[in-house]
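Letters A, B, C, D, E and F mark the chains as written, and numbering starts fresh at 1 in each.
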Amino acid sequence: MGFMDNVIDQLCIPSSYEGVYHSSKRHAPMPSVETLSEIVSRLRAVLFPGYFGHAEIEPGTMRYHIGTNLDKIHRLLTEQINRGHCFLCTLDDMDCDACEQEAQDICRRFIDSLPELRRLLVTDVMAAFEGDPAAVGPGETIFCYPSITAVTNYRIAHQLQNLGVKLIPRIITEMAHSVTGIDIHPGATIGEHFFIDHGTGTVIGETCIIGNNVRLYQGVTLGAKSFPKDEEGVLVKGIARHPIVEDNVIIYSGATILGRVTIGKDAVIGGNVWLTRDVAPGSRVLQNPADNH
Amino acid sequence: MGFMDNVIDQLCIPSSYEGVYHSSKRHAPMPSVETLSEIVSRLRAVLFPGYFGHAEIEPGTMRYHIGTNLDKIHRLLTEQINRGHCFLCTLDDMDCDACEQEAQDICRRFIDSLPELRRLLVTDVMAAFEGDPAAVGPGETIFCYPSITAVTNYRIAHQLQNLGVKLIPRIITEMAHSVTGIDIHPGATIGEHFFIDHGTGTVIGETCIIGNNVRLYQGVTLGAKSFPKDEEGVLVKGIARHPIVEDNVIIYSGATILGRVTIGKDAVIGGNVWLTRDVAPGSRVLQNPADNH
Amino acid sequence: MGFMDNVIDQLCIPSSYEGVYHSSKRHAPMPSVETLSEIVSRLRAVLFPGYFGHAEIEPGTMRYHIGTNLDKIHRLLTEQINRGHCFLCTLDDMDCDACEQEAQDICRRFIDSLPELRRLLVTDVMAAFEGDPAAVGPGETIFCYPSITAVTNYRIAHQLQNLGVKLIPRIITEMAHSVTGIDIHPGATIGEHFFIDHGTGTVIGETCIIGNNVRLYQGVTLGAKSFPKDEEGVLVKGIARHPIVEDNVIIYSGATILGRVTIGKDAVIGGNVWLTRDVAPGSRVLQNPADNH
Amino acid sequence: MGFMDNVIDQLCIPSSYEGVYHSSKRHAPMPSVETLSEIVSRLRAVLFPGYFGHAEIEPGTMRYHIGTNLDKIHRLLTEQINRGHCFLCTLDDMDCDACEQEAQDICRRFIDSLPELRRLLVTDVMAAFEGDPAAVGPGETIFCYPSITAVTNYRIAHQLQNLGVKLIPRIITEMAHSVTGIDIHPGATIGEHFFIDHGTGTVIGETCIIGNNVRLYQGVTLGAKSFPKDEEGVLVKGIARHPIVEDNVIIYSGATILGRVTIGKDAVIGGNVWLTRDVAPGSRVLQNPADNH
Amino acid sequence: MGFMDNVIDQLCIPSSYEGVYHSSKRHAPMPSVETLSEIVSRLRAVLFPGYFGHAEIEPGTMRYHIGTNLDKIHRLLTEQINRGHCFLCTLDDMDCDACEQEAQDICRRFIDSLPELRRLLVTDVMAAFEGDPAAVGPGETIFCYPSITAVTNYRIAHQLQNLGVKLIPRIITEMAHSVTGIDIHPGATIGEHFFIDHGTGTVIGETCIIGNNVRLYQGVTLGAKSFPKDEEGVLVKGIARHPIVEDNVIIYSGATILGRVTIGKDAVIGGNVWLTRDVAPGSRVLQNPADNH
Amino acid sequence: MGFMDNVIDQLCIPSSYEGVYHSSKRHAPMPSVETLSEIVSRLRAVLFPGYFGHAEIEPGTMRYHIGTNLDKIHRLLTEQINRGHCFLCTLDDMDCDACEQEAQDICRRFIDSLPELRRLLVTDVMAAFEGDPAAVGPGETIFCYPSITAVTNYRIAHQLQNLGVKLIPRIITEMAHSVTGIDIHPGATIGEHFFIDHGTGTVIGETCIIGNNVRLYQGVTLGAKSFPKDEEGVLVKGIARHPIVEDNVIIYSGATILGRVTIGKDAVIGGNVWLTRDVAPGSRVLQNPADNH
């Protein structure tokens, strides 16, 4: 099978694999999607006791289950945080012990924030139940609704991102994106009592700021309009370029809102609208009516 | 690691987990997504013999495979139906034996309906093959097309919902939603010979009524326009609030149709249209042309 | 449980299962989605060494890993190609040895094309990195971005389709569709340096021709407008019916472009636009502004 | 394939399957070997913290891990105990609730006995370490020695048997038999500080009574000599028919000791001996020397 | 890591791997231990309905389960039989179609023999129950006793061997050997109502002939005494060289009986005996008593 | 469920878990039996190409498979060697980097020795084939015979032990012990062309020295006779206390040979013999004949 030797030779020439080959620093392996998936499952079991985690939980034994899950999360997540840092590390002169210590610290701070993270999710569950006449109870939304899945992953990822974690937050939101079709960048800021009905195709960009009590539908884009480049033609990263959506706004399915515009408090944006300008508080923006032909 | 004891304490305070904790009645466990997934796989093997189920099937042995699958489905589904009822049970004075008996009866009636369910799916397969010039044969649509996946789950779920099953139907349609991006509420009513091409992002609401021979594309929303609340500000559940789509209608990608409107027979709705009014039979509704800028 | 015997009887009547029963030729089993999934995973490990494949790879050992993966791919894919042919085989007088030999030949030619396939993917990775200000490095796009997942599956499937493989290419693009919400038909032709941001709901039809350096967003449809039928009312297959998109075009989210129209070089198509006509090179097409109400 | 219908017919005639068919009472399924295996794994994790159970355990988090394991053991074992009773149930007029309650009570009493069970195992670990010059530390015996595996399963099974559990104890000792070749009947009584070196082929019968500080080697049989039958020729069950082995006895490999004989304190029994009589305390019994030929 | 290239070179020199390398004929893969394990599990489910096979079985649905299992066994076993033949094939001029046809025929004849095979196993179950005072019912012996496991595998393997199958029978008896410590060669001939108590270490050689109603204990060897070689010093294969054990014989633990000797009807052989001569019907052979020292 | 809190309290008192709790140094986890099992499987695939490893191997692709396996073995085994050292580490002032470096060095030396290890195994395969008239070819012994399984694990473990590895060698021989019933201590020294027929219950002690061309049967013990203790009553470890077995010796089933005795060249030891003295070269030792009673 000499033909194969030939292909293998070509695929092993450095010029062939340059740009698509990952060479790890000090043998640090890639972050593990499987382990991150286990971590998120355990977090879900901690945050929504009795709904997830293969365990019937009673108040009398809850401590044990939450404690065991947190202990595992602590070990597993610390390592994944460190792998995330190694993935992007460009130092020749590495101080790996310092990175490992930092991963420890970040992980602890993340675990400390779980009660607050759950407090926010309680409001999201209420938003889902109150916002959908088809919901028969809050429990149904926790167990079945893509919005809760996507928002839980987002809130976890956002908190990790705020604590300085690299790469891992994006993997966690992409997990939810793949399962729900809802793509929330971990860098976005989202207030309490948030709900996305149906959700498939909704995109929330990196620098979005969303207030409290906002409701979106499927196929809504909160995106960027243009990407300034620097003098050398390279995209400038980190500029605020996505919409601000204030409290109590509703945006219907398929609406596209681009750029650093502000959708004022209590506004309603109709379906399929294309918007690149500010919208005053309390106003309603609808598409022009379609014609018969 | 005293810091963890502190977090665990906070997470175990009843006020923290109120609203996100599931306390099961009489130790009835949660419905199992894994088991429901097995049930749906076995139903697929029964409905489409030879395509699914890890078995080459010949007419001479078909009885055995279908019989074995139905026997397993019968046992597994009866239990899941019962768990679905327990999930929502609010009685202090439970008569669990009666519930178990009811789950038995429902399950039998569901199995009795499988020949009719398959008859409908045969028409859906023909619709997919006839509706897509890229399809090379009906078999390809059964094995590869998201529409068949989503419509099969929907027809199973809808039949269960009609028989009075709780929660399980929604889990079954959400399974298909996650895999196909097509979100059909189990309460919707859909006629024969139904096809959704590509499908990602299409949403069909709870009270929709869809006739025979209807074709949708990706990103179509058949949703609600507003949600009446009662005097106490609580959403009124169960009101007819989604479109009626009559026979032979075609709705192109990205169209959004909201409210209890009627899209008359043979109508064609263009892509990206936003519609909240009735459409006469046979008419064509298109978006206004976009301008150059 | 006599009720079950009755249902089984009904489900085993030929008129019940006609059209949804697959009877294999000479006991050739169905293509295996699991095996195809393994094949694609191994291809990913070959194409992006160090990113996928559960292995840290160093230049010194790369040959072994790539060689082992290609040897497995060779065996597994040859069989799947053959099963794809059997699936559609309608001959009474089969020459299975000839088919097996052809599967061998196709598989070798496919493997021979992997260096070129990787060359294209390198340009796609650069397109993703350069096109998204949120990307922190090319590695992040390889490991996390749905676009790379979907385009990799598409390029594999397209090459197989060009070599005459049946059914398998469609299964491979549907795998990516299910995970990313991006639906690219394996028959489409796509140039270098291609990127789809976010991607959920984007559809690229069978006869599309896309140039170099094109960028799409989520929810974009490049579809067919109408399907000519022959005199007997059967869809005519294989007609060029999807758009041509020339170099450097950008199409924003939710745009729907239908029919054999040409979007000229450097054009920009705004979000939510509905287009069924040619667009001149360099022009910008935007939706009419939405009104306040 | 009519030949198969014929075989199936024969295998479904009641006279064919009589005696090898299990018909469950009220649909109680068979005890699950997989679940019992999980239960024993979790018990091992509880009894030997840090050695088993996929968890690094520190004193500060030990409570959580042990609590979680005990909660799972409690649920799983209660059900298995009940299934064991159903397996042997011959009542027409069943009171299943009473059985379930009894299973609950037994399970609690079993869990209450775990500290004492661990105390015994600590002495067995010391016996293994002190009795084998090849052992490099007590930890090695816990992690590697078949004796610890077999004796742990035996002590668990014996305690369950004492509490009145049916069938389950035998399954648990057979699990260890299969893995270690050591066959200890759960009915046997064994004192502290017990060790079986190598162990393959050693058999300890149902009515054996073994004192403290006893050491056996591989291939030792402590069996019955004859089985009295009653007037109808049926074996009389439950008669004391196996040896009594007093404190500090050593029995070397391949020795066979049959019947209700007593091996007195401090006796040493040589390898390959065949013994059916009492042995005085402190004596040594060896095989006659083999001859050259 | 040049050191590894060097080792790999050495391991790939033909003189290094000669004798331990398997080069398959026409790419026929090795028999699969996993698949054979599945086949044996399904056979166990067919032979002992309700005890094995993850299914509660009722008379009314038994046909379906047995039919499905036999259909799977038929496909899987036919292929494994063929692989067994390929494994030993030394022909240059192969007629693989003939071999595949033969595998088909053998497999059918094997399936035809299952009712008789079950009839024999029913007698073995009774032998186990009647022969062990510790057994609480025949069901316990089916579910828990190594003897039933080993004898079931043996009877399957022996039937396959009689039908001319290569290699597979030995793999099947080795599976049971590994799990029970009982090593029965598939070539041995064993009558009805056979029981081996405890069983670990018992060996029954290729040319043994065992009558009805025989009971063995653990550690019994029925072996060969010497192996005649031909003029070139090569072992002569296939010579009758193991004991004949007539009806109703009992052989206690650790007895070693070597050579083509006959143990006459109703004889009893004591534990640890070493025997290389005929034993008259009805006689008792015991080891000389061990002495005190 | 307060009763459980009470049990948990008792199980977490240090005096309860002392002696059965493993506290890892610097969070080094326990050696992983699963990973060691994977390592041994990969070694088997390297040593016996084409027989094991889920791959058909041809000379033209052998390098890739062996290279990939060795690269994985190298990574996995280095870590396990290190864990073995941590398991026994008692230092307060650890230099973990030095240990890791040593693990690297040992692992390389082990891999360097694989060609010699395979050379020995080739002779063992010939011994098995030549020594058993029931063997139909050398390939059957590689694929099916417990002797090859046990001796392969032993030779791997012995080499690791010679290189100074802790704990891991014993785990590897215990894996084979569990599956075959053959218990060979990794410290034993065994020459070329070694075969154990049937093997269940055979034990070869730590300080045994076995020459070339030796054949054993099942149930043979090469053990220690007495264990000298030091003044404080503690067993003296490491003393030569097991038999020396010279070239060409045959030992039949159930023989027990204890102490530092020498079985001279070409000697034959009969079954069930109990031996604690030297045996002259060429002599035959048999048990006294059993009597009729």
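Throughout what follows, contacts are C-beta pairs under 8 Å (C-beta built on N, C-alpha and C of every residue); 3 or more make two chains touch, one makes a residue touch a chain.
Predicted, not measured: the structure shown is a model, and the values here were computed from it.
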If a chain touches subunit A and subunit E alike, it appears here: B, C, D, F
Path length in steps (a step moves to a chain that is touched) from subunit B to subunit E: 1
Chains in simultaneous contact with subunit A and subunit D: B, F
Separation of subunit A from subunit F, taking each centre as the mean of its C-alpha atoms, in whole Å: 51
Centre-of-Cα separation between subunit D and subunit C, whole angstrom: 57
Separation of subunit D from subunit E, taking each centre as the mean of its C-alpha atoms, in whole Å: 26
Numbers and ranges of subunit C residues touching at least 2 other chains: 4, 8, 56, 58, 61, 63-64, 66-67, 70-71, 181, 200-201, 219, 254, 270, 272-273, 286-288
Which chain pairs touch, all of them: A-B, A-C, A-D, A-F, B-C, B-D, B-E, C-E, C-F, D-E, D-F, E-F
Residues on subunit A engaged by subunit D in the complex (per definition of touch): 55-56, 61, 63-68, 70-72, 75
Residues of subunit D defined as touching subunit B within the complex: 1-2, 4-5, 8, 58, 60-61, 64
Of subunit F, residues touching subunit D in the complex: 1, 3-5, 7-8, 10-12, 14, 16-24, 27, 29-31, 87-88, 166-167, 170-171, 174, 177-178, 181, 183, 185, 187, 200-201, 203, 205-206, 219, 221, 223-224, 227, 235-239, 241, 254, 256, 258, 270, 272-275, 279-280, 283-288
Subunit C to subunit A touching residues, read off their complex: 46-51, 56-59, 62-63, 66-67, 70-71, 74, 108, 111-112, 114-115, 118-119, 121-122, 125-126, 130-134, 136-140, 142-146, 179-181, 198, 200-201, 217-219, 252-254, 270-273, 286-293
